[in-house]
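Below, subunit A partners subunit B and then partners subunit C, in two separate complexes.
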Partner chain A sequence: MKLRAERTEFADAVSWATRTVGARVTLPALSGVLLEAVDGRLTCQATDLEVAAEISIPVEIDEPGRVLLPGRLLAQLVARFPNAPVNLEGDADRVEITCGRATFHVRGMQVEDFPTLAAPTEDAAQGVLKADAFARLVSQVARAASTDDGRPVLTGVQLDASDGMLTAAATDSYRLAVRSVAFDQAVDGVALVPARSLQEAAKAAGEVGGNVTVVLEEGQVSFLFGDRRLTTKLIEGSFPNYRALLPDAHETTVVVDRAGLSEALQRVAIVAMGQANTPVTLHFGDGSVDLQATNQEMGDAAEALPAEIDGEGLSISFNPAFLLAGLDATGTEQIRIELRDGLKPAVLKPEADGDDERIDDLTYLLMPMRVS
Partner chain B sequence: MLPEPVTPSVGRGRAGSVRPMRMLIARCSAVYDGRLSSTLTSAVRLVMVKADGCVAIHADVGAYKPLNWMNAPNHLVEDGDTWEVTNPKGERLTITFEQVLDELSYELDTERGLTLDGVERELQLLLADPPTHLEPGLKCVQREFRTDLGPVDLLCRDVDGGAVAVEIKRIGEIDGVEQLTRYLERLQRDPMLAPVRGVLAATTIKPQARVLAESRGIGWVEVDLGVLRGEEEPHPRLF
Partner chain C sequence: MQPRHPEPILHVDMDAFYASVEQRDDPELKGQPVVVGGAGGRGVVAAASYEARRFGIHSAMPMVRARRLCPGLVIVANRFDRYREVSRQVMAILADIPPLVEPLSLDEAFLDVGGAVRLFGEPPEIGELIRTRVREEVELPCSVGVGPTKSVAKLLSDRAKPDGLVHWPAGEVVARLRPLPVSDLWGAGPRTVERLESFGFRTVGQLADAELRTLQRVVGEALGGQLHQLARGIDPRRVTPSEPARSISGERTFDHDVDDPAELERQVLKLSETVGRRLRASGVAGRTITLKVRFDTFETVTRSSTLPAPTDRTRDVATIALDLLAGLRLERARVRLLGVGVSNLGEGDGARQLTLDTAAEEGPSPAVAARLADPRWERVERIADSVAERFQGVGVSYAALLDDQDDPAEVAPRREDRGAHDHTSTSDQREEPDP
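And now, the complex of A and B:
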């Protein structure tokens, strides 16, 4: 193999492939990045057998070939290369990499040991949507997924594609985030995707821009954006029937400035954050939201801000971190909070500021905490 | 007034001798010189010399960590208002006393270590009646079911009638998986029981124990003691 690549493109490609797959490998060959130079393009592939990442960049090829190089070492090297073209030359056993005046010799690994990458089948149905819309959808919803491996189905985000819409839902059993976006080219299917893989896909979509193609198949889902592809295995098991959790009525509606509430909450939560399970209590009434937190070891805090309140006044307590995540997800200047009573789940939704403002179809359901 | 020097050297007691633990409440300053250098300016503090020779200077905050300490074996030389504690690693702690407010000296009992069995016993009793927190339909056949290698905490039957051996720990670690593996190997020899599934139950299960259990086909379940006791969770769930 002999080729010449542009430094930034080469560094980005190697770093994306290694980062996307992560460091948890169970076979030595999986710690490698497979570089394949053919037809004017260099393809970098990495996998941990759960997630497979592939990226292709244009290069000048003098001699096509395939090599398997240690991923982390290669990523560390190219990240520190000077701003000059990168030359790769060698065979499967040993590759010489030069950039500017720097020369490295890297031992290759057995190419045959690298597994065949999971990839979408050619005739699989594909859905297409805007990459920035996809990235935003994932960032709003995936935050509600659990990080506890004890209940694997809750570590995933359910993607439900039907009727021209892609609906993403995630829950850790304390909160639920769900939102739909329209496909430009629709596809049907349901997939429970590991939240971490989906967040990597969203990050790549945000970086690349344009469109993202979603390929839903039995046991796996693939995301294609520009010259990158990420295929991940799906989580087995049944995702909870979250639609049954969404309340169909509420007693009190609150519309409040999101940034103001978020800043007040962060200030008040400082006394709550030091101790697990310390809630922040919100009193809604008389055109005001009063926030209050008490920590027996540290002290207490209180702050009030104006709000439009329609319905009976009430008090409700939340885990401040979960409430902040919900406020952050909505994104609009104003936020709508729908409440039934102090022990029933609250619904957070973006609130349109004017008739012209387009808002996301996001629902963030949050279970309150008990206060003794 | 400093107390009269009692022991010129600590931590090297003769066999059979019982050394008291000394506690001084004193205004003192200290200088440590060893892996790094540090200084404690003058303040009222608690200085402890434990029976094994450990020397610790405590402030009036924090549960367990002294401001400065020297692990045994140490050599303590008391010279007037100054104590000099040295050890074989070349570390040196110099304590200068300005005023000793009080001094106590007591012989403590031999330490037998923390007893945590209470939690495991309570977990065993709560999980046995009934063990549906572990999996739906599970019924307990016997607690402390004997094997040649010791008793397994619970022997249960699942909805299909299959035998399930449950080992209960406060914290599920690799040792717990190894222990259950040994029990399972013995239980599989019993034709009345085989095949026997294994389940490790604990309030927290370490990631390494989860991996090892899964690689051996052993199930694992984290249980919440508060929920088992019927206490209300501070943070209720949506489902």
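And now, the complex of A and C:
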């Protein structure tokens, strides 16, 4: 292999591809980044067996070839290269990299050991949406996914593409977040994506901008950003029928200032934190929300703030961290809380301020804590 | 503020508790070598009277061996309810005097009498007062150690046995500890002692003179530091009234090794039921469920699993424990003992995070946790608990256990496992034989 690449492009490519390369790997080959020079393009790819990242950049090729180089080492090197063209030359065992006056010899790893994840087929169904909308969708929903590997299906985000909409849902069985966004180019299909991989894709979408193409296939989903691609395996098993969990009626509706509630909650929760499972109790009634937390060892805290309350007053207790995550996800100035009683799930939604504000179609359902 | 009394700690320990209760209740047993425990093939001595101890019999010894040592041995089946009742009487006497009582098990407790000195006299006098009252009101012997720290008091009650009181003034503790064997220190179990001795540490004095780093290299960071302090008479542990249980568990030694998978599952279910009931009765819930299996080879394995939220439900405990059992892939290995425990405890009846019913869409097999979600079990179990409480011995149980002839009270209770330092339960029931 012999090629010449532009430094910035090469550095970007290596850093993009090695995003999945962790400090510790189970297989030596997983620490590598595979460089493949053919037809005027250099393709870099790496994988952790769950997610594969790939990028292709234009280069000048004198001699095509394939090498597997240690990913983190390469990423560290190219990040510090001077601003000059990068030359790679060598074979699978040993590659000489020169940039300006610097020369490096890097030992190659066995190319055959590299586990390639299948690239999406040409004719697979593709949907397109705005990268920033996709990133926002993921950040709002993926937070509700479980981190407990005991129940794998709950560590995923369910992507459901139908009727021109992409709907994402996640639940750890204590809360459930669901939101839809419109496709620019629609596709139909369902995929249960590991939350971690999806967050990686959202991060990439945030970095690259533009559009993201979603390719749904059997057992895997790919996110394409121009010349960049992330492919992730799907979680096997079926996601709970979350639509059945969404309450169809409520007794009390609360509209409250989101930042105000969030700040009050954080203050009151200080007393509750440090001791797992200490709830914050919210009492809704008489035009105010009263927050209260008691910790037998540390003391108690209370705070009240005004709220628009429609319906019967009631008290309900929550894990403050779960409630905060929900408040944070909604994003609007005002939020709406729909309640039935103190032991039934509460629903948080963004609240439109005026008529023309476009709000996210987000539902954050949260189970209360039972306090005896 | 009153200055702290130099040696305010008492350790009160009943002498051969279960055996003494039996001898008291049946005068014919007085003066006889008596042991409490199961007479069956797998019986273990739960307690031995002093007469029996003269034959070399001690608790936790296999009954077969005890019989061989003393052909005239009287074996009495245990009556835990009775011991609990007597224990309550004893603890009530202790609670009468000082402000701080920390029960360790049914038959021993720590007291901090620092605040009671003005009313009742010096700590050794209080110790004698307790001994007199226990002798007169409960008609049982006990021994008391009086010292500046918990570990010293505990050591002294042991030296006071049977039926005595030993008191070391604070100023003499360090010097008097020095000639004692290292095994006298609290926390030095047989393995530790063996290890210490192999490095030439035989006396407490040698430990006290040793460099801390050396000691830590021999027995490990934590234990080394602890022994080093104890050897110098330092023990910062306070008497803490009613320390909450760290784990609740039950275990059972079978009369004959069991290799039938269905029977093992039944036993796990039964142990889970006992543990669940005791969790609910104590108002605690735990996150970590542990299964313990001892094979006929005495090889013991434990497996545990931690839930996202604490539970006190029998069904949750059983589901996890059965799953752990299945995970062992026993392939008809011969099992001698099974145990189920719940640890990582917190307030059970306090706040509890409710869950969505996310189990609906899942297939039957893979996700164990999916089976945990159904909240109706909670009500079922509370009702079963109240039935069991009202109609003793009737009870509502799993159908799988209905044809079980065994007495449910038989599962050995293991309460309040207080962590590594507590190896105090010489007469505490560890293994439960069949009657």
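The rule is simple: the second predicted complex is superposed on the first by the 334 of 372 C-alpha atoms of A that agree within 3 Å, B and C clash if a C-alpha of one lies under 4 Å from a C-alpha of the other, contacts with A are read in each partner's own complex, and residues count from 1 in each chain.
The rule is short, and it goes like this: a contact is a pair of C-beta atoms (placed from the backbone, for glycine too) under 8 Å apart; a residue touches a chain by one contact, two chains touch by 3 or more.
Every value quoted in this text rests on a predicted model; they were computed, and no experiment measured them.
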What does the overlay on subunit A give for subunit B and subunit C, a clash or a fit? clash
In the overlaid three-chain picture, which partner chain does A:369 touch, first (subunit B) or second (subunit C), both, or neither? both
Have a look at where A:345 lands relative to subunit B and subunit C in the superposition and call it first, second, both or neither. both
Under the stated touch criterion, which partner chain does A:248 make contact with: subunit B (first), subunit C (second), both, or neither? neither
Touched partner set for A:149, first subunit B, second subunit C, both or neither: first
Name the contact category of A:237: first (subunit B only), second (subunit C only), both, or neither. second
Candidates 27-35, 207-215 or 225-233 of subunit B: the single one with C-alpha clashes against subunit C: 225-233
Set intersection of subunit A contacts, subunit C complex versus subunit B complex: 150, 171, 173-176, 240, 245, 277, 319, 343, 345, 365, 367-370
Within the complex, subunit A is touched by subunit B residues 205, 207, 210, 222, 232-239
In the complex, go through subunit C and note every residue touching subunit A. 305, 307-310, 346, 349-363, 366-370, 373
Provide the residue numbers of subunit A that touch subunit C in the complex, in ascending order. 146, 148, 150-154, 171-176, 237-242, 244-245, 276-279, 317, 319, 343, 345, 365, 367-372
Enumerate the contact residues on subunit A facing subunit B in the complex. 149-150, 171, 173-176, 240, 245, 277, 319, 343, 345, 365, 367-370
